[in-house]
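Here subunit A shows up in two complexes: once beside subunit B, once beside subunit C.
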Partner chain A sequence: MRSMKSRDLLILLLFVGVLSLLPALGLSRYVLGQITLFILWAAVVSQWNLVFGVAGILSIGHMALFAVGGYATALMGLYFGMSLWWTLPVAALAGLLMSLVMAFATFRLRGAYVVVVTLAIAMTVYQLLVTDVACFRQTQSVCYSFSGGARGLSRFGDFGFRELLGYSSAPLGNFYLSLIMLALSILVAIMVVYSPYGQAFKAMRDNEVCAASRGIEIRKYQAIVFAVSGVFTGLSGGVYAGVIGTFGPQVLELSTLLFLLSMMVVGGRGTIWGPVVGTIVLALIDEGFRDLAAWRNTAYAAVLSIILLTLPEGLMGGFASLRKWALSPRKEG
Partner chain B sequence: MTHSPQHLLEVRGLTKAYGAMKATNDLSFHVDRGEVLGIGGPNGAGKTTLFDLLSGVTPPTAGRILFEGADITGLGASAICHLGISRTFQLNAVFNSQTVADNLKTCAYFGSEKRLVPGLNYDRRSEIRAAEVLDLTGLTDYADVMAGALPVLQLKLLMIGCAIVSHPKLLLLDEPVGGLNPAEIETCAAVFRQLRDFHGTTIVVIEHVMSFMTAFADRIMILHHGAKLHEGAAGSLADNPEVVDVFLGVSGAADSRKGAQAEEVGNATS
Partner chain C sequence: MELLTGILTSTIALGAIYAASSVSLALLWGSISMLNLAHGAMIVIGAYGSVALVTGLGLPWWTGLLGGMIAGAAGGLLLYVSQVRWIFGKANFDLRIIILTMAFSTIVVDLINNLIGAKILRQPFQVEGRFDLGALSIGHQTLLVVCCSALMVLLLQLVVHKTNLGRLIRAVSQDITAARLNGVPVQAVIFQVTVLAGIISGASGVLLTSSTTVYPGAGFDPLLKALIVCVLGGLGSIPGALAASFALAGLETTVQYTLGVKWGFPVSLLVVVLVLVYRPTGLFGRQELERN
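Moving on, here comes the complex of A and B:
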């Protein structure tokens, strides 16, 4: 187990090293922006995977944790004019609190019921946002609601890369900040999965009654896995808000949810690298169908269906089976 | 009624009702330190329900459970495990996506004591205990195999290993040798004898293989409709006509006599 942890840490180092060289290729502003965006999605999916894949708690309301983090950053930037750097701890805290709401709501539920309740929580947050139309601040003739309503929030500040690096290099700052977020997210996932915590999460997923009889306090570890995931998902939300510059209820829409869920399922849930591989695949599809926007969702669905039918454990699961098959001694004759 | 110090476990008037059906019905018995108590009975007699109650998987409707003189009625499964009662399951209950070694480390780490704030690595003691149990159960060659890919005998041994790696004072075995052939039964029995003779573990075992049970158990209790039908020394079982009638049958009675006379489990089952 220790050697596998070292292996994954080494892969992480190489992966981050290669990504950090990408801007040297002289990518266009658009491409760098897309890569930055997908790096942040990978960070989110890696943390979601801890709850969904590793602990086997079928929470699909995960974007609510991301949303509260993003809104925490955006609102504080907008109303208090705070540097967005200082809002990030608050974004993490918001994610933590929201994740504990999820944990307590699902303590007594299993399987499909968890899916329903977590989705309901995320949809409640969405509805609260889009129905927020009461006038909170007035600029000339336009009236803005507190949360920005269906339009979302914008012009709440940024991480100051423009002043620091100049207008043309500002995207680089956003890129490297996102990359640090992804590295942190995967590092946390590796540390958790190979620790006794990760083993307890997997034990709960594999056989809950047996796990309890072996001394694992189920609810405590359910709360812990939600809390860890909540902190880093909330933080990703804050980073996303500052990097993209706008934040709205779109992140809670069903299409976003399905897009991120596809990343996890296609890559392989419950594995360290599945979310990353899935994100790369979905990013390629996304780019490939850029000019055929009408077919984009169809393409996601097709890939998801094909993967579910042929490799139920995702690409990483398929890769593991392939390696096992290749390494296993074959019978002679 | 006062608690006797040599009773490790004492059960008083234990009842579990599902509606009008009483799966366990006003059951009282005790288990002495260091003894092996066998529990038998026809299907649906409430044997596994009894284990579920003792191990905290389900709460009883009425009655008390005393362990080392302390009332543990209504405690949860993990708390009861930390007190030193460990059980196995009839179905193969291991953590399929972990290796054999990781299964044992997980069970040793979380089973031996309540971990308020677990560390980021297993402690030395859990690793030593896991290695000891790999050795005791003969699973050393399988240490890096995923539990989900184990053959049936190794799976049973791993399940037993996971239950004993936390060094329980009381071990509850639910049909540990069901479905195994005589040679495999002997492999498991060797592990149980080690536990009893060298680790001083007290064992309660549910089993349908009567020759195994009468050879291994000091005392036997037969349940029927959730209540006690018979309790006594292993040899006395076939002499109770009621037990022969509802549970053993004539050939079973012969098996049970053979087991009681055999000196070792292996002689009885082969």
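Moving on, here comes the complex of A and C:
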């Protein structure tokens, strides 16, 4: 057990080390931007995976946690002119509060009921945002609503990398900040999975009745996993808003949900490295369909379907069973 | 008084539509534990089927419902052939089919967007005119939709409770292994259930879009509402879905008349969540017993 944990920590160190060397390759601004974006997605999916994959709570409304984090940062930057660094704790807090709402709503529910309720909550947040058209502030002739409505928010400040590093190196600052976010997210995932909590989550997922009969307080652990994931998902939302520079209800759209869900499922839900592997695969597909943007969602959906039909545990699961098969003693002849 | 009759007629009209679109979800979950997130896609397929038959081929308006049913059947067939048959009875079927049907609906919406176009179309399944009964004034269209919904739900109940297929469906839903051991062709039943659900969803798509418009994403909102209806009624219970349809329609129209249109869905969702905290399997749901 301990050796597994050290192994994963070592992989994390190597992985982050390799990624941090990427800008030395002299990547174009576009490529570096895309890599930054996918690093942030991987951070979100890793946290979502703690709830969905590790604890087995089928919450598909997880982007709501991300959205409130992002909106917390964007709104505070916009209306209070705060440095975005100071808004990050608030983003984490917003994610925590939203996750507790989700946890409360799904407390006694199982399986498909959890799917429906969490999806409905996320979509309600989306609809409330999109229909927010009441005039809140006026600039010249244009009227903006409090949350920015369907257009979302922009020009709410950044992390100040432009002043610190100069205009041409600002993307580097965003890149390394995102990388730190991902490292933190995976580190949290490793700590959770190998903690006694992680064992309880696995027990819950594999057999809830047996877990309960052995004295695992299911509801307490559900609230804890939701809370941990909420804090770091909200934080990722804040970082995303500052790095990308705009934040809108699009993060709650079904296509974004399917995109992130694909990362988790294609990579392998419930494993530490599945979300990372899935993100790499989806990033490659995304790049491949750059000129065929209209068919992008179809491509994600098709890959997702093929994986679910053939390798239900994702690429990591397929890899594990391949290794098991290769290492198992076989009879000759 | 005027407000009250307004709320009442809206409730009946909306409740009938909810009922028509949620019974097929209830059917699939109740018989094979499949949460069909492609239901929205079936609704859209049905709506376009009607447009194709009436606007495209120039047939009379009432054949639109037929077009919706045929298109929905084709959608159900596709769903069965491409997904359900491969993983039914395999590990994690219930989770995998949820994600698979979500992917299915994404592909359908994308195909419509790219091949037919995102243009907003008019649903031709419509009649003009109003009945005037004193203070009450009901459009012919509302009456048509209510009657069609009622007829569909009634027919489905007849199929489930009075026909041989219904007996097989109920057998499969109670215990698949026992059904198989007693000679029920389980795969064939699942095929028929999926196509039947497709037909109902397709027809409900025609009814739903007759009061709105036809566009590629038209199925998502009805899907969400149907999901909430089914969860409140208890997943898999057709009577539960019917009761929840009218309860939620009443709540939603009341809130819309008093607090504003925007708050209709959020308030209903809040009420559903609170109900679920006390009754985790909905109003009519069964407590699932899991074998270990």
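The criterion applied here is as follows: the second predicted complex is superposed on the first by the 333 of 333 C-alpha atoms of A that agree within 3 Å, B and C clash if a C-alpha of one lies under 4 Å from a C-alpha of the other, contacts with A are read in each partner's own complex, and residues count from 1 in each chain.
We take it that contacts are C-beta pairs under 8 Å (C-beta built on N, C-alpha and C of every residue); 3 or more make two chains touch, one makes a residue touch a chain.
In this text the structure is predicted, and so the values were computed from the model without any measurement.
Within the superposed three-chain model, A:Leu261 lies in touch with subunit C and out of touch with subunit B [touch as defined at top].
When the two complexes are overlaid on their common chain A, residue A:Asn297 makes contact with subunit C while staying clear of subunit B. With both structures placed on the common chain, the touch criterion links A:Ala212 to subunit B but leaves subunit C unconnected.
In the superposition on chain A, contact of A:Ile285 is made with neither subunit B nor subunit C. In the superposed model, A:Lys202 lies in contact with subunit B only, and not with subunit C.
Of the two partner chains, subunit B is the only one that A:Gly270 touches; subunit C does not reach it.
More residues of subunit A lie in contact with C than with the other chain of the pair subunit B and subunit C. When the two structures are aligned on the shared chain, A:Met191 is found in touch with subunit B, with no touch to subunit C. On subunit A, the surface patch touched by subunit B in one complex and by subunit C in the other comprises residues 207, 209-210. The part of subunit A that touches subunit C in the complex is made up of residues 58, 104-105, 107-113, 115-117, 119-121, 123-124, 127-128, 131, 207-210, 254-255, 258, 261, 265, 294-295, 297-298, 300-302, 304-305, 308-309, 312. Contact residues of subunit A toward subunit B in the complex are 1, 191, 195-197, 199-200, 202-203, 205-207, 209-218, 270.
Across the complex, subunit C meets subunit A through its residues 29, 35, 82-83, 86-87, 90-92, 94-96, 98-100, 102-104, 106-107, 109-111, 113-114, 220, 224, 227-228, 230-231, 235, 262, 265-266, 269, 272-273, 276-277, 280-282, 288, 290, 292. Listing the residues of subunit B that touch subunit A in their complex gives 55-57, 76-78, 81-82, 86-87, 89, 93-99, 101-102, 105-107, 109-115, 118-122, 162, 166.
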